[in-house]
Structures are given as C-alpha cells and as structure tokens.
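In the two complexes that follow, chain A is the common piece, with chain B as its partner first and chain C second.
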Partner chain A sequence: MEAKQTRLSGSLILRPAGRVDMGNAEAFKELLLRVLAEAKTALVLDLAELEYISSAGLRAIMIASRAAKSGGVALGVAAMQPVVAEIFAISRFDLVFPCFASCREALARLAPDALAGFDAL
Partner chain B sequence: MSERRRAAAWLYRLGAGRGRAAALVLLALFLAVQLGAGERLFAAPRLALFDSYERLLPRVRKSAPVVIVAVDERSLARIGQWPWPRTVVARLVQAITAAHPAALGVDMLWPEADATSPPVWVQAQGALPAELRDALDALPDHDALLRAALASGPVALGIAGERDGTPDHPGPLAPVRVVGAEPSALPSILPAFGSTVRSLPLLDQAAAGHGLLSVDRDRDGLVRRMPLVSVVNGRPAPSLGLEMLRLATGAPWIDLYLAHGAAQGVTVGQLAIPSQAKGSVWIDYTADDPRRFVSAADVLDGSVPAGTFEQRLVLLGIDAAGLVDHAITPLGPMPGVEVHAQFLENVFDRRYAERPRWAPLAEAGLTAGLGLLFIGGLPLLRLRWYAPAGISGLGLLAAAGALAWVRARWLIDVAAPAIGDGGVLVALLGGGLADADRQRRRLRRELERRKLEAARIEGELGAAVRIQMGMLPKPAALAQDSRFTLDAAIVPARQVGGDFYDFFMIDPRHLFIAVGDVSGKGVSASLFMAIGKSLCKSCALRGDGVPDIGAVVRRANAEISRDNVEMLFITLFAGILDLASGRLLFCNAGHDAPLLLRGGAVPQRLPGGGGGPPLCALDDFDYPAQSLQLARGDLLCLVTDGVTEAMNRSGELLGHQRLAAALAALPPAAGASAAVAQVRSAVAAFVDGAEPSDDLTVLAVQWRGADAAPG
Partner chain C sequence: MKVTFWGTRGSLPAPLSAAAVRAKIVNALVKGAGHGLDSADKAAAFCDAQLSFAEAGTYGGNSSCVQVDTGGGEYLLCDLGSGVREFSLSALARHGPSRPQTYNVLVSHVHWDHIMGFPFFVPAFIPGNRIRLHSCHPQLERAIRNQNSAPCFPVEFSQLAASIEFVPLEPGRPYEIAGARVTGKLQLHGNDSYGYRIEKDGKSVVYTTDSEHKLDQPAEMAAFAEFFRQADLVIFDSMYSLADAASVKEDWGHSSNVVGVELCQMAQARHLVLFHHEPIHDDARIQGIHRETMRLEQITRSGAPLQISAAYDGLIVDV
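== the complex of A and B ==
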C-alpha cells in the first residue's frame, strides 16, 4: 500500500491508495500512528484513492482516532469513493469519525489555519 | 544478537575456536620436526619436487664447451667388437690430442694388458716357431702405443672408486690443497672410497691427470649431484671433470675450501666452483642431447670437421647398447659420460643449481608464515572458502619455489611447508566443519523446540476454537417450535477468529437472535468474542420482562468498552422477535444489514442507517431500536463479512449481489436450514477451494406465524 503525505502548517494530509485488509492493516496502523506523531492540529485521511477497507483497516483508523483524541489532534476522513463510503455507512463508522466530502472541507473544519497552505498547493 | 554475544562470537572467531588450537599445536609440532629431522624425513618429497623443477624448467644449453667422443653402435660396426685393440684406441687418442683440445677426459678403464698385443699374445701361446716369435716380438707393444698416445696431450684418466674391494696399485693423484681444515678431517666431510680400480700403471703414469668417474647416487638410484672431490685412501681426489678443468687451465693444483666442518667449494686457477656441504654440486641438467656426441668412427676416419676439438673439453666414453653404463637422472637415463659433460657445461655457464645453506631455515619460515596466515585468516572466512583460499596459499608456495629455481637456480624445498601447512589447512577445515556441525545441531534443536512450541500453541488454539464453537447454541434445541424455523452455522477459518451467533428464548413469546463479528483475528479476537457474546446475553436477560433491544446493546457496549485494551470492536446485529405478532425489534451496531426474503420476491437488504457504530467504537453511543413487521413465511438471513467478503482465486469478493442471487434461487417455501445450506454452498462454489481468510457465519430465521402448524 502506498500513501502520499502532504504537510501543511501543523497538519497533515495522508492519502493511502489501493486496499487495506487483513494483510496490511497492521502496517497501515503503524503508518497512521507515525504520521499522527507529526501532526499538531489535524490529520486528514484523504481516501480518494482507497479502493477497499476491511474491518481490520477500520480498526486501524479507530486506534489512530483514539490516539489523536488523547493527543489533542483532530482526525478526519475525506473524499471517500462510493465503495468505501458504503463500508463506512454500513459499519456506521461515519458516526465515529468526522467524514467530509473533500479535504478542503475537512481542513476548513478541523484546521482552518492550514487552509491557506492547502489552497496554495 | 546482543552486543555481548556478538563480542563473544568475535572473540571466538579470533581465538581458539574453529579448530585454531588444534591447528596451532599441529603447526608447532611440524616445525619442530621440520627443523630437527626435516632433511632426512622429507627427503623423498623434496627430491621429487627438485626433480620436477629439473623436468619442467630445465636448463637451456647455451654454450657447447664439451664434446663427447663416443664409442657407439656405428663405431662397433666399423671397427669390430669391444674391447678394441689398444692400437685402435691409441690412434683415437692420438687423433684427438693432435687436434689441440683444452683437455681430454677418458671415461674408460684398462686395468689389464691388451690380450691382442703381440708380446702378450706370444706369452699366451707357449711354444711357437722361433722365427714367428722373433717377428712378433719385433712388433710394438699395444699398451706402449697407447701409453705414448696418452702422454701426447693434456689427458685425464678415469679412476673408479670402490667403497670396499681389494686396493689397486696406489697410482698418482692430482694435487689437491686443503684450505681451512686438517686433511684428516676430510673423510668425515667428503665421500670416501676404500679402494680404486685404475688402469695399468704403465698407462696410469703416462697420463697428466687422474679423476674419479664416480657420481653421487641417491638412495633411489638417481644421479643428482657430482662430487667435486672425494677421498681415496685418505687422500683427496678430484672428479674427472674437475681434473680436466685443472689440465685445461694449466693450474698446478686444486684448492679445496672447508669451513665449519663443511665443504665450501674449490678453485682451479681463476675458476671458483661453490659446492654443497659434502663437496658436491647439484647438476643442472638439460635433456640428453645428441649434439654433444661425435662418433669415434668419424674421428678414426678423420671425417670430423677441423676445429671440432680445438680448445674444447673432450670426453672419451662409451655409448653403445650393451656396453654403456647408464646413469638415471631426473631427466631420464643418459650415458654416464654425459653426466660429466653436463657438469662441465654448468661450470662454463657459471650457473649452478644450489641448495643454499639457509634453505632449511627459510623453509621453516615458509611453513610458519603460511601456517600462521592460515590460522589467523581462514577462520574469518566462510567455510566454503577454506579450500579455495588454502589451495591458493599452497599454490603461492609452489610458485615461490618455482620462481627461486627459475631466477637463481635455488633449490628451495616448498614440499615440506606444503605438507605442514596442508595439515594445518585440514585441521582448520576439520575444526570449521565440526563447528558448523555443532551449529547445525544447535539450530536443529532450536527448530525442534520451536516446532513443539508451535504445535503446543496450535493445540491451544485448536482448543480455543473448540471452546468457542461449544459456546454456540445448537439450532436443534429450538427445532420443536412450529412458530419459526431457525438455523445457523459458523465455518471457522484456519486462524481462530471472532465470529459468533446466538439465539435463545427470553420468554415463551420472545426469541432473541444475534450475529456478531469481532474485528481482528487470533486469540484476542476469540476471547473478545466470548466476552461479547456472554455480555449480550446477560444484558438481554437482566431484569424482568422483555427488554428494549436498544438498551440491551447500549449496556453491552458500555460494559465491553470498559476493558477493551486491544481496541477491538464488535459489529453486532441483535433483535428480539415477537413470535405472536411477527414484530422484530432490532438494533444494528455497524453490522451488515440482514437480507429479507419475502414471498418469492427478490431478497432485499434491510435499509441501512438508523443503527449505530460497532460496539466499542464510541463508548456512550445511544443505540436506537428499530422495528420491522414480518409477514408469515418471511425469512431473515444474517451473515458476517466472511460471507460477503469471501474471496475467490482471482481476488474477487462474493459481494451482496451474489449472495442475494443465491438466496433468490431458493424455492418459495424453503425454511431456515435450506437458506443456511444455500449460503454455504454458494460461498463454497464461489471460492472454489481457495483458503478462507475469515470466519464465515450465517444465521437464518423464518417466522411462520403464531398459529403455524408443526412441521
């Protein structure tokens, strides 16, 4: 699984691509926690390139979300493809993490000061 | 590996391990033997090595200072059988001395008088007519003729030395001055002969010089060295070649130098010849070369080109089959007279094969140097490089020996170092192999232990699966109730997982059903499943009457979340079916929505939304209850994602659509068991033998109505 990172002042956008399932969920969790350690304000998961996520992957996000909460960092999920959006809807994880239609929307809500940097990209 | 263990391993590599100790002891022992008795003990391989130098890298014949006049087959054919009348020999000698040779060496002996000489013949006949006898007496004596010929030039006659035997007449010997030691010390240094075989005194005394024909024969019979001076009856006597050199240079005597109980060499006039300790010279051979030879027949005919003998060293000898005494040399057999010729060529080229005095020390040094290099270096390599590296080392040794021979004609014995260091190599290799074997055995034991461990864990996991399965209720327990049909199944994956289903009667009218799936796998998931299932049940049964399903899930969530260190979560669909009314109150915590089969219509998933996230995702979520009115014959099918995400060999997922299609194929009156069987066979057909990665759980419940007839 590949994941692109974008650093904005105090915030990060992580853009994982492909599938997250049983096989790589543990690596995905490690990646999330590592990236989270660098974020001060917000971590936005840009899921535009994520094709599938299993319950193990959702657990990884859940663990990251708890870590974010205790570190005072906001974690948001944005730009889900329909399949992933359905997974979130069925499992009702859309109630657990704040979900946004786009990264811009997520930043606007979670880290407004990073928005200027985002728009400048 | 920890730092300490790494350090220990390095110390081991540098220290006594890997056969080093044994190799070091072996090297020390070998050195002691090599220095103490090496000259004798390793003589055979040493001589074999030197012979191979001679054979593979022989001397190139540059000058031709020596001519051999040979009594060969052709001469015998022309003159007649040997021995020839001495008149013929005298003519031959005369022909040579007349051509002004530097010296003539005679490799022949005439110990008896010529039987064909007239006076001798007359004596042998006894009574003869006086007239005939007088006529014969008037003829010259053959030996007198030969005597005259021998006296006509610088001729050296051969003498044969004998270790024992009757002493011959004490004839003249060349003057040898001994420098550096008492002459009485000579027999302990030089080869000594008890007696000699010499030509008739008449001939012996006529010759200007006298030299020994004897050569140094090694134990294996090979002639490798030429003694310069030997001892005859306590007196020093030169070899034939050396004596010829004395005659050629006109020197009145030969100086023999001795020091420290060993011969150093000789000088003849301006010429100095270094020798080995026992007064001999290693002969640096070329192959037997016919260009050295001139046939005696041609000399007698006068058909030899003029100048052939002019100022050259001439040897007279025999080279005819049956008569010749062949010397066996490292280059093969050659006539004895040619060995003397080769020696003289060595002197003329001033290039002597030599085993230097320091050679034994140098050889011990080579043994020690390469041996220590092996002991120090090889164990740092991988075992499979031992042999190539070791053989390269020995190859370098051989190359050094060959180089010393080619450049300086030094005979350095690298065979003994090769034997010693070969032993060191074998010891190291053995040590390394033993080490590797030990390591292999240790690894095998370790592997064995891990296998046992794995088997134990597998066994425990197997037990966990059995316990987990044992916790699930048996559908048959409720089969008697005609108001509904119910069936459920879990097909566990190889790795223990966290699926569960549950059903029980809360009271005679209300049926509780649940399907759950713990995220993750392994022991933690299965334990979590056990906790989740028990909590759900206890929450459902707590208090009096029929509980609110939303409240049941809320309570279960709160209790499970409390001790969730692993941060697992459980998706759960739980419902309470009123068997009297067909009303289902349910709560969906992040689980797949069930499929509803109604009256032959296309199976529909219950609409999503309205539920909540999985248990443990949000501690205090207010799970709402939802409601669904079932009609008679309606069937609800609940699955976990092991069904919808069953993967075939090309990586496709089964999906909701295929699942719905499979259920749509059921006959209209099918009950719960048929639905469960249909789902299982649909999954089995789809994955087609691919290993399932997740538990597969299906639960079907069909409401048949409060007053449905049994069966």
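== the complex of A and C ==
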C-alpha cells in the first residue's frame, strides 16, 4: 500500500492509496503510529485515493487515534471517496473520528497554523 | 432444513411498550388516510405494500431461541432464551400433550438470556418427553439445575417429569443429532460460548451468537471463515456497531454487522442473518441497520451476492 506524506510545520498529511484490508491492516497501523510520532499538532488522513477499508483497517485508525489523543495530537480524516465514506458511516466510525470534506477543512479546524503552508503547496 | 426464529434479542427480552405500539398505529392511520381502507383485506394489503416492516410489524422481544427443522422426527433447537416458551406452545398445539416427543437443544453458553426460557419450557413438565441438552459448555448442567431451584424458581429441577439428559460435546468433533451432523466451535465471550454448524443433505446452518472477533488476529478470523465455509445460512451476533465493538464495548463478547459481512464474504456463505439484536434498539433502528448492512454487502461485494436478513421473532427461512 502506497502512502504519500506531506509535512506542514508540526502537522502531517498522510495519503494512503488502494485498499486496507486484513492482509495489510497491521502494516497500516504501524505506518500510522510511525507518522504520528512525527506530528506535533495534527495528523490528517487524506483518504482521497483510498478505495476500500475493512474493519481491521478501521481499527488501525482507532488505535492511532487513541495514541494521538494521549500524545496531544489531533487526528482527522478527510476527503473520503463515497464508498469509503459509506463504510465509515455504516460502521459508525464517522462518529468516532472527526471527518472533513477536504484536507484544507481538516487543517482549518485541527491545525490552523499549517494552513498557509498547505495553500502554498 | 427449515429454520424458525423464536427469539432474536440479545441480553434480555425487550417487549414493545404501549407507547411504541400507539406510535405505530398513529403512523399507519396517517399514512392510510384517503386510501379507502374500509375492510380488513384492504388494510392488510395496504400494510404489505405501503408500510415498512418496522412500521407494520416488530422484530420482537424474546431472547435467543432458534429451531432448525432437519426433517426428522426429533426437534432441534439452538438455545433456551425466552423465545423457547413460544416454541413449546407451538409444539404442544401441534402434537398435544399426550404424544411424547424428543427435543434436542444445542446450548451456546449459560448466560441468562440463553437459558432463561427453560423453566417455562412446557414439554419439560410432561412425562414421556425426552429432552437432550447438548453443549460444549461444561457448566450447562449446573446452570440449568440452579435456575430451576429456590430461590430463583418454585419448581425444582427434580420435579420436572420429562426425561432430561445433559450431553457434553467436544468442540471440533462432529456428532449426529436429530438426524443432522453438528460440530461445535469455541467462541470469544465471557466465560466462553460455542457456535454450532449444523449440516444435513448438503445444506448447512451456522448458529454463532455471543461471539466477539478480534480484528487484529487474522488467524482467528480465518478460522471462523472456515467454520462458516460456504454455509447456506449464518445466524450471526451483530449486536453492536463496529465502532462500539472495537472501542467502548471491546471485550464485551459481541460482534457487529460489518464483521458479519466480512466473515461471510471470506467464507463465501450465502445468507447472513443479523441476530442477537441490541435490546435498546427499536424496530426502526434495527430496520436501518438491516438496510445499511445490505448496502455494505453491495459496495464491498467481490463474488457471488450474500443475502442479508435481520432476524425477527417468527421469521422462517428455508435452507
């Protein structure tokens, strides 16, 4: 699974692509925790290129969300494709994680200091 | 095989309140206004065509009890929740009290909602009946005897007139019960529970309730997919949302509709029945979960379609 990272003054955007299922959920969780360790203000998961996420993948985000909370970092989910948005809603994880229509909207709420850098990309 | 659901709620019975019944009537009257419903037949046809299941009926409130008709002369039930009372009245109406029958029961575990109907299981009071309580759970006999004793219940176990046998089963070992092949499997639940796969004439039904699935344990998930392999019907504990089951209700011993779909898709099962409904959910909520689960199956399908049903007291499924 590919995942591009963008660093923005204390915050990060992670853009996983493809599918997260039982086969790669553990690797996805390790990736999230590694990236999270570098974030000081916020970690935004840009899901625009994510086609599918299974229950194990959702759990991986939940583990990262717990770690973020204990580390004082905000974690948000943004730009979900319609199918992924439906999976979040049916599983009720849309009530667990802050979800945003776009990365810009997520940063505006979670890490306003990073907005200027994001707009300059 | 024919599968009849007599009790489908989890944790404890959840009867409809007067207010809930009234709300259904008010809704139906408003929707039916102007449709010329001046006869019972017209009103019934309107209910069938224009009202949803949650509007015109109810998922029911009895706790777990499912009958699997294997086509033989003996009965086969899964669990003894409060729904078993309805079953026993139906069986008595069919046979009358003077024709002895054999009732086999597969008991998943001994939590109260799964055995609470036994004190009201009328065939147990009738001499000549044979009741065989099969379970992989080692504490079944103790729990049933304790339940039928003071101060919990006025009729002592020793006063029951039927012949009652406790038949221990080993997980993973197939047994011939009521003309079907039955295999048990250990499940993750407080004080353990067991699922049962029932096979007859090339058809299979899996009864798997009170079973939590750990999403970070692929081997455990794969083992359950194997247990469900190409099953014609999977009766699945979908009590919680996935988010609840994986977070605030982790280790509470139950699963979700999402994991039910995933496991059935892995197993190439044909029909998933959502079961052990959360007692705080009203009919509209359960219907909503049913619709969402059908949608989830549709958007995640990669092979043959998986039929999705939401169990209700009185549902009959031909397998």
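As a convention for this text, the second predicted complex is superposed on the first by the 121 of 121 C-alpha atoms of A that agree within 3 Å, B and C clash if a C-alpha of one lies under 4 Å from a C-alpha of the other, contacts with A are read in each partner's own complex, and residues count from 1 in each chain.
Definition applied: a residue touches a chain if its C-beta (ideal position, glycine included) is under 8 Å from a C-beta of that chain, and two chains touch if they have at least 3 such contacts.
In this text, all values refer to a predicted model and were calculated from it rather than measured experimentally.
Once both complexes are superposed on chain A, the partners chain B and chain C clash. With both structures placed on the common chain, the touch criterion links A:V83 to chain C but leaves chain B unconnected. With both structures placed on the common chain, the touch criterion links A:V96 to chain B and to chain C. With both complexes superposed, C is the one of chain B and chain C in contact with more chain A residues. Overlaying the two complexes on chain A leaves one chain C stretch of 20-28, 92-100, 146-154 or 236-244 clashing with chain B, which is 236-244.
According to the touch criterion, the shared surface of chain A, contacted by chain B in one complex and chain C in the other, consists of residues 22, 54-56, 58-59, 62, 89-93, 95-96. Contacts from chain B toward chain A in the complex involve residues 517, 519-521, 567-569, 571, 588-593, 608-609, 611-614, 617-618, 621, 641, 645, 693-694.
Interface residues of chain A, counted against chain B in their complex, comprise 22, 54-56, 58-59, 62-63, 66, 89-93, 95-96. By the touch criterion stated above, chain C contacts chain A in their complex at residues 215-216, 218, 221, 241-244, 246-247, 256-259, 262, 292-293, 295-296, 299-300. Of all the residues in chain A, the ones that touch chain C in their complex are 22-23, 25-26, 29, 52, 54-56, 58-59, 62, 83, 86-87, 89-93, 95-96.
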